[in-house]
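Each chain carries a letter (A, B, C, D and E) given by its place in the written order, and its residues are counted from 1.
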Amino acid sequence: MEIGLSHYLVLSTILFAIGLVGVMKRKNLLLLFFSTEILLNSVNIAFAAISHYYGDLTGQMFAFFVIAIAASEVAVGLGLLIVWHKRHNNIDLDTMSSMKG
Amino acid sequence: MELFLYTALFAPFVGSLFAAIFGASPKTIIAGIIPSILLGVSLLSSTVLLVHVLSTGEAVHVEMMTWMHTGNLYIPFGFLVDQVSVTMMMVVTVVSTVVHVYAIGYMSHDKAFNRFFAWLSAFVFSMMILVMSDNFAGLFIGWEGVGVCSWALIGFWYHKESATWAANEAFIMNRIADLGMLIGIFLVYWNTGTLQYHEAFEAMKHLDTGILTTIGIFLFIGAMGKSAQFPLHTWLADAMEGPTPVSALIHAATMVTAGVYLVVRSNELYSLIPNVGLFIASLGAFVAVFAATMALVNRDIKRVIAYSTLSQLGYMFAAAGLGAYWVALFHLMAHAFFKALLFLGGGNVMHAMSDELDPFKMGGLGKTMKATMILMTLASVALAGLFPLAGFFSKDMILEAAFSEHHFIIYTVLLFTAGLTAFYSFRIIALIFHGEDRHTALGFHPHEAYPFMIKAMIPLAILAAIAGFARPYYFDMVIAVLPETEYHIHSAMTYWTMTIGTQLFVIAAIYFAYKKYMSSDIKVPDGTSEMENSFKYKLLINQYYIPYFYEEFLVKPYRALSRVFWKDIDMKIVDGTVDGIANIIYNTGENTRGMQSGNLSTMLKWMVAGLVILLSLAVIFGLTVKYSGV
Amino acid sequence: MLAPVNVSMESLNLMTLAPMLIPIVGALLILVIDLFKSNLDKSLYVMLSILFLLMDFGVLFESAGLFAEGGTIMGVFDVMLIDGLAIIAQFIIVGTSMLFIPLALTNTRFHEFSYPEFFALFLFMISGFQFMVSTDNLILVFVGLETASLALYTLIAMHNRAKSFEAAVKYFTMGALAAGFYSFGSMIFYALTGSVEINQIAAVLEANQYADIGYVLIAVTFMLASFGFKLSLVPFHTWAPDVYEGASAAMAGYMSIVPKIAAFIVVMRLFEFLIHSGVVWLEVILYIFVILTMTISNIWALVQTDVKRMLAYSSISHAGFVMSAVMIGTTQANSALLLYWVLFAFTNLGSFSMLWISRAKNTDNAAESDHSYNKFAGLIKTSPVMASFMGLFMLSLAGIPPFALFWGKLYLISSAVTSGYTVLALIMALNSAIAGYYYLKLIVYMFMKDPVVGKDGHVYTVNSTLSLQVIVGFAAIGTIFAVAFINPLLEFITAFAYNSGY
Amino acid sequence: MFDHILSILIFFPALAALFGVVVDKDSIRAYGLSVAVVEFALSLMLWFGFDASVSGMQFMEQVSLIPAFGVNYIVGVDGISLFIIVLAAFFTMIGIASLTDTKNVKNMIITLLMLQMTMAGVFAALDAILFYVFWELSLVPMLYIIGAWGGPLRVYASIKFFLYTFTGSLVMLVGMLFMAYFYFQATGVWSFAILDWYRLILPQSYQLWLFAAFFMGFAIKVPMFPFHTWLPYAHGQAPTIGSVMLAAILLKMGTYAFIRFSLPLFPDASVFFMFPVAIIAVIMIIYTAMVAYAQEDVKQVVAYSSVSHMGVIVLGTFAMNVEGISGSIFLMIAHGVVSGALFLLVGVIYDRRHTKMMDQFGGLASVMPRYATIFGLMLMASVGLPLTINFVGEFLSLLGFYEQSHIITLLAGIAIIVGAIYMLSAYKKMFFGEVTREENKNLPDVNKRELLALIPLAIITVWLGIYPKPVLEPINNSVEAVVQLMHDKAITPEAKSAIPSVIKKDETSTQEAH
Amino acid sequence: MFEAIAFYLFAFLTISMFYIVVTTQQALYALTALAAGMIFISAFFFILGADFLGAVQIIVYTGAVMALYAFGMMFFDTTRDVKEKQGNKFIIVGLSTLSAVLVVLIVSAPIVSDNIVALYPVVDGIGNTQEVGVVLFTKYLIPFEVAAVMLLVAMVAGIVLAGKKMDLSLTLMNDAEIRELNEEKNKKELS
């Protein structure tokens, strides 16, 4: 049973879908951020796999940069999270709807 | 001659302007005198022109300036004084001069004296344009001009509801006819390429009868309105709300005869379409008897005279329709004189009776108003057509024409109408001047009119008396432009029988009228007598219920429909649709703005939802391509 | 062992990097200055930023000259791509930034401008956008995009009010999701073609004759979702109104222009070849997007009570309007897009600056938000000049000729007409009519109602300083006399776009 | 000196309006009036410099605006536009002169001057985009005038006015772009110049669509049934001056555009749509006249009467012959003068009584005789009395259309009846009868300022009614050129036969030369 | 064979870890599961021969990102259950299932790619790290540098947001208060 590219892609897609579920389901900002990490990580698997099967390094490069981006996002995201928490003393999305319409 | 032509035309205009300058200022006698003098000037000029035309037999034709010129259309202000128009000019200037002078007295107590003269002179000016124009457009200018002057003068006492109502009625009803006239003019233009009488009539000779018939009918519709022919006749009786001089000038002598003038002027057209002519004649005969019947019972002096006018217009149309154009014109002239006289006399009576119009409330006025009585009797005799006054000559000719053309029905109707005419004329003479004094009891103190007013009427009286004798000369003059139709009854026997028979019939009618209304048991009717409750009387006094019909079936539905159009269709449907679309858009926004709940979680769901929808579409498309392509 | 890599400096074309490096240097300088001496006045940083941006602008001219001579320039291992689009987009980005940064010089003090970091981040953001537009490598696009976005989130949050945090968080979170979409989309492209460079992707797909159209569509879908977020296309637009409302007016105005033009450029690069290859699906989807975005956001804008929020929806609508150019995909349409955006920049600069001028420190208690319509009632009586300017910008946004945006609309609709999109042209026209209503609403409030805030017109000009007035004046002149510079602009844009193959 | 007179005419008032910002508000009225007088004098100079015997465009100026896209600043006048420009300048002058005490008079004057710019621009523009620019721009001052100085529903009315016309004209814009594109396809050059477009012969199917697109814009502006409902609101709510400008000039834009664009560009489509349009025109004439009759507010009567008269103008336009088109252009001017005057007159009484409801009046003829006289004159002109200005136009319009259809003209001719009905009944309600209301007993008659505005209008009304030649002749020459162009361009046999050729006219004109 | 087993094992592990992340009510569980999931992912990288990436994954994610999150969590009360009110579960479940099914449906079909030329081919016999290094510092030099800028931006942003007194509003404070604040700050620096 050969593991082909498709397997990795399917895995990646499933993980991505899990990430999407998390994004939609999570009302806690921090856990929401976790879900976005899942999204990015799932893509990384696919990149690495494609890179492997094509024998091309570009995919690894992409994954590398995705990691960097994820890390930066975490920094900014946490900054915002903390500021928000300082002000409102919670990180629940449902409290975050002062603007609408 | 051009100078005289312009003088004749513009003198009334100058007079009108002069009076108009004082329009808003208090009464000044000069505002009446100057226009009257200017009208005299116009009369003189017209006379000069008449002499010129008589002596040379040549028409005077001038073209003052271009009015409209675009494309192939070319309409000048052109004026033509030929045998027909000079007749009309004489009639107009004579009657209007007399009426002006008379009105100085008649209107002397009116606040709006100046305004009256401004309008009256303006009317004369319009009438002069009407008769002098050498093209249909010019005719139409005069046509509408007299219409508006008539409107202003009928509604002269604008504080009276009835007067303003009558004015509007007259104007609108005339407009209905004018539309016909306008269409006629369009037809003339598009078929002949010109509106000049001469060229147009020339071109018509080569046209298809169908088109000519249409033209003839539409032009005649115009004439029907102005000359108040059935069914557009109701305005004329109501127009009597205006001051009496106005009625004399406009609604008896001049304006209402414009229709006859039009038909006479278009004789070349109507000669080509005898069927339409016959229709005109029949309608004329019908109107003659129709109006005469209404005059029989009416209790308003002026309305009686108005119906009589209507009836006489019927005669004129009968004549014109039968091709006896010159007879029609001749009757027009004669009628102008005696009818104006009759009206002015009526005006004297009104003056005397403080604007009371019911002859039943008068009686025995002959004692105090001898001059008026004589003049009115004279006019009535002329109207009745007794020898040797003008009416005899002109009316007799019409009967002869009908007879010799073998239209015996028309003849009979007209003959019968002659009797009716005599009857109702003398009915009011008898009621006003003779019989018992019924007015003193009602608190009236009648007095005779100013002497100069009486004097002013005298020329008319003279003309009404002698005009008939001018017939042969007149005939010689107008045959230059009108068809030479002389009617000779083949046998002298028949002729004399007819003439004398007619005279006797008329005299009998007069006698009957005197007998009935001079009796001392005439009372002011109070609606209780048997006669007043009879169907016939009701029918006649209500003018055959035609005004009622108009009110119920035209005016009220129009008003209601207008309201429906405004409130329901315009505001609700048309505007409602526009606002509805706007509201739908706005409300869509209002109702869906909740989608933007401001909740981050919802926003994220929207994003994912968008993605999923796109994905589904992509899959569907991808599968379609995959399985359809292979 | 790997063979050593020999690279000559010439082949690197380092010149292509110059425009992006300048703002980075500027930003670093600002950070360094702050290290040595804190509490310096904001005017210093504003002027420094402007100086660096000016330099940047000048260098762009240099690049433009090079492009005009030698066509597209690839640089630094073919990662950098300086073509006409890149140059025009950078002109717009840098130019607009230059015009927006003086808005920091307000009369009243605002939290964010007290920090030099604000200006540093601002400059970083600009360089991020510049990178984003001047490459066709999806990696660099991604990195540039994130650099700019992260800076932007921070800038919004630095306004330091509850609403601005909320806005930043919303923007950030959705941005993170969009980043996920982007990477997934790139991944599929990579899987399909083995490349992350757009021209390579295009070439490979072309060679395969789009055999795997389904996969292409999946990739396109993810890309669309990602850039739909950036461009605020319905239904990915939900962040826009909230973020505009939460951000300061100056920032909101900036956001309505610069990030979007950068995104538009990438979208053009990414989708143009697909559209030209006859991917019907994409065309249909874009058609739907365009119409949905234009119409729905217009309808929502109708019911707003806050001017800034209305302008947010209006910006969405404008973006949808312009998106049609991407769908049409002709040179005329692409030129129209860029032209439209330049003119839109002028107009929005004006309108948001006007809001900014009138922004008080505190939200007025009487009014429910910072810039409610009610606040502007009767402005013509209290502050006629202000009202006239505001009215002018509203008219321009509504597309009333001869003001700036009309010409953009004209050219854009014309491009639709030229390509046979009759229905689209009509829908665009009718949407302009709907949009007329909400712009008009503000005019109605300003010109036809009686003042409620107070007789004193000073309320409306609390922030007014000379620099703000200059900016507004500049925007007004650009808006009114747009017709004077449209021709050279259009010729320039058309030539550059055409020579870059768009 | 005539080289740039059109540009001066267009931009002088705009510049003056800008300068007006600094003029003190007590002196602004004098300032505005002097500017308007100068503008009017300029327009008269234009008239005198105009060579009536030339049928083409005169005083042409051309400046490239966006050569890359074929947008140019091209202005020029021919007989069709000349008089409307003069009329616009005239009404601006009259309007400013007759301004009564208005709040914010300064803004009003500035707005009016701006409006004057747009009006001059619309009629002088010979480039479709330039035309569109002024066309749209003219909405703005009007919006402000209605919205800021209007009645209680002013905001609703002004927005309705703006959006309705705006929507229509956007559709028109799409049409223009298509037209330019077709021109581009045919020649390879972008051009929006109308004179260039005239040379383009389109297939009939294209013409039909383009005609429809242009029609949307024009029909709403005219306004034609069923797009007319903005008008009563606009008039009802607008201040006097607004109604005057709207009725006198702005409505004419639509019908003018029909002659400038629809007819010469799409002769076949015009012939194709002739009957539908004519039927709409007839509905406008009769239906709105009846609606006018039902009104209770005298201003609404005049407003609806405008729609009715515009119907006649449209009908004349679509007569496709020289008589009809000349007539409709003349009627535009005539209706401008007369309806403008009528709105001014309504304004006079509104200033005194602050109501326009007819049942509030009655018997005014005795209280205000001069007023009644002038009103009467304008009323008679409005109902199309010969020797007043309206008659010439109405007569020619109907005459022209009679060639195309007898029945429709007959129906349209009902205008003269229904027109008389609503006008006379309105006049009767206001002026006749006894003075019943106490407050009406001492109303002052028209004062000098009002006379200053009204007398010239009265003079024009009569003068051009009697002697329309100075106006009609230049119109005629230009219209002949247009009709000939249409004839030459027509491709379908129906259109060829419906549009007469003018060339055969030579022999008649020599004959009439004496 | 080994590869297949490893793949399925780690696939199962990652999926379950991430499943825990999105479903658990305990923030600490989620954090731990996430960290574990990341590490399992690095296993894939090693399987796929991307050793460098695997290392980075562990270092950056588990080392840095998770540490950051852990710091972040210290601000909050992590012992409490995370309460999440769900409006409509159907939407979430429906949308995510649908998306997964759709993508899987397409992706599971084999990709037929011709014409793919590896631009930066993996060369046998050379360590992955070295290869990556060469590509990273030639072709991807610029993205690499930009990523550096990005990290700087993130750093500055983090400092500004979390470190600079964002809980005070300079907008609303008056001049005197700000001066006081600055003096305080200077004092701290001096001391």
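One rule holds for everything that comes next: contacts are C-beta pairs under 8 Å (C-beta built on N, C-alpha and C of every residue); 3 or more make two chains touch, one makes a residue touch a chain.
Treat the numbers as computed from the prediction; the structure is a model and nothing was measured.
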item	value
Neighbouring chains common to chain A and chain D, by label	B, C
Chains contacting each of chain B and chain D, listed by label	C
Identity of the chain that, by mean CA position, is farthest from chain C	B
Chain centroid nearest the full-protein CA centroid	D
Identity of the chain that, by mean CA position, is farthest from chain A	B
B-E or B-C - the one linked by more C-beta pairs in contact	B-C
Separation of mean Cα positions, chain B and chain A [Å, integer]	95
Cα-centroid distance, chain C relative to chain E, in whole angstrom	28
Approximate Å spacing (C-alpha centroids) for the pair chain A, chain E	6
Gap in Å, rounded to a whole number, between the CA centres of chain C and chain A	26
Of all residues in chain E, the ones touching two or more other chains	91-92, 95-96, 99, 103, 106-107, 109, 111, 116, 118-119, 131, 139-140, 143, 147, 150, 153-154, 157, 159-161, 166
Multi-chain contact sites of chain D, meaning residues that touch two or more partners	163
Two or more partner chains touched - positions in chain A	5, 9, 16, 19-20, 23-24, 26-27, 33, 54, 56, 58, 61, 65, 68-69, 72-73, 76, 79-81, 83, 87, 94, 96, 98-101
Pairwise chain contacts under the document criterion	A-B, A-C, A-E, B-C, B-D, B-E, C-D, C-E
Residues on chain E engaged by chain A in the complex (per definition of touch)	1, 3-4, 7, 11, 14-15, 18-19, 21-23, 27, 30-31, 34, 37-38, 41, 44-45, 48-50, 52-53, 56-57, 60-61, 64-65, 68-69, 71-73, 75-76, 82, 84-86, 91-93, 95-97, 99-100, 103-104, 107-111, 116, 118-122, 128, 131-132, 135-136, 139-140, 143, 147, 150-151, 153-155, 157-162, 166-167
Of chain C, residues touching chain B in the complex	169-170, 173-174, 177-178, 181, 213-215, 217-218, 220-222, 224-225, 228-229, 235-236, 238-239, 241-242, 280-281, 285, 296, 299-303, 434
Sites on chain B touched by chain E in the complex	601-602, 605, 608-609, 611-612, 615-616, 619, 622
In the complex with chain D, residue positions of chain B that touch it	23-24, 65-74, 137, 140-141, 143-145, 148, 151-152, 155, 158-159, 161, 164-165, 167-168, 171-172, 175-176, 178-179, 182-183, 185-187, 189-190, 558-559, 561-563, 565-567, 569-570, 574-575, 577-578, 582
Interfacial residue positions of chain E with respect to chain C in the complex	103, 106-107, 109, 111-119, 123, 126, 130-131, 134, 138-143, 146-147, 149-150, 152-154, 156-157, 159-161, 164, 166, 169-172, 182
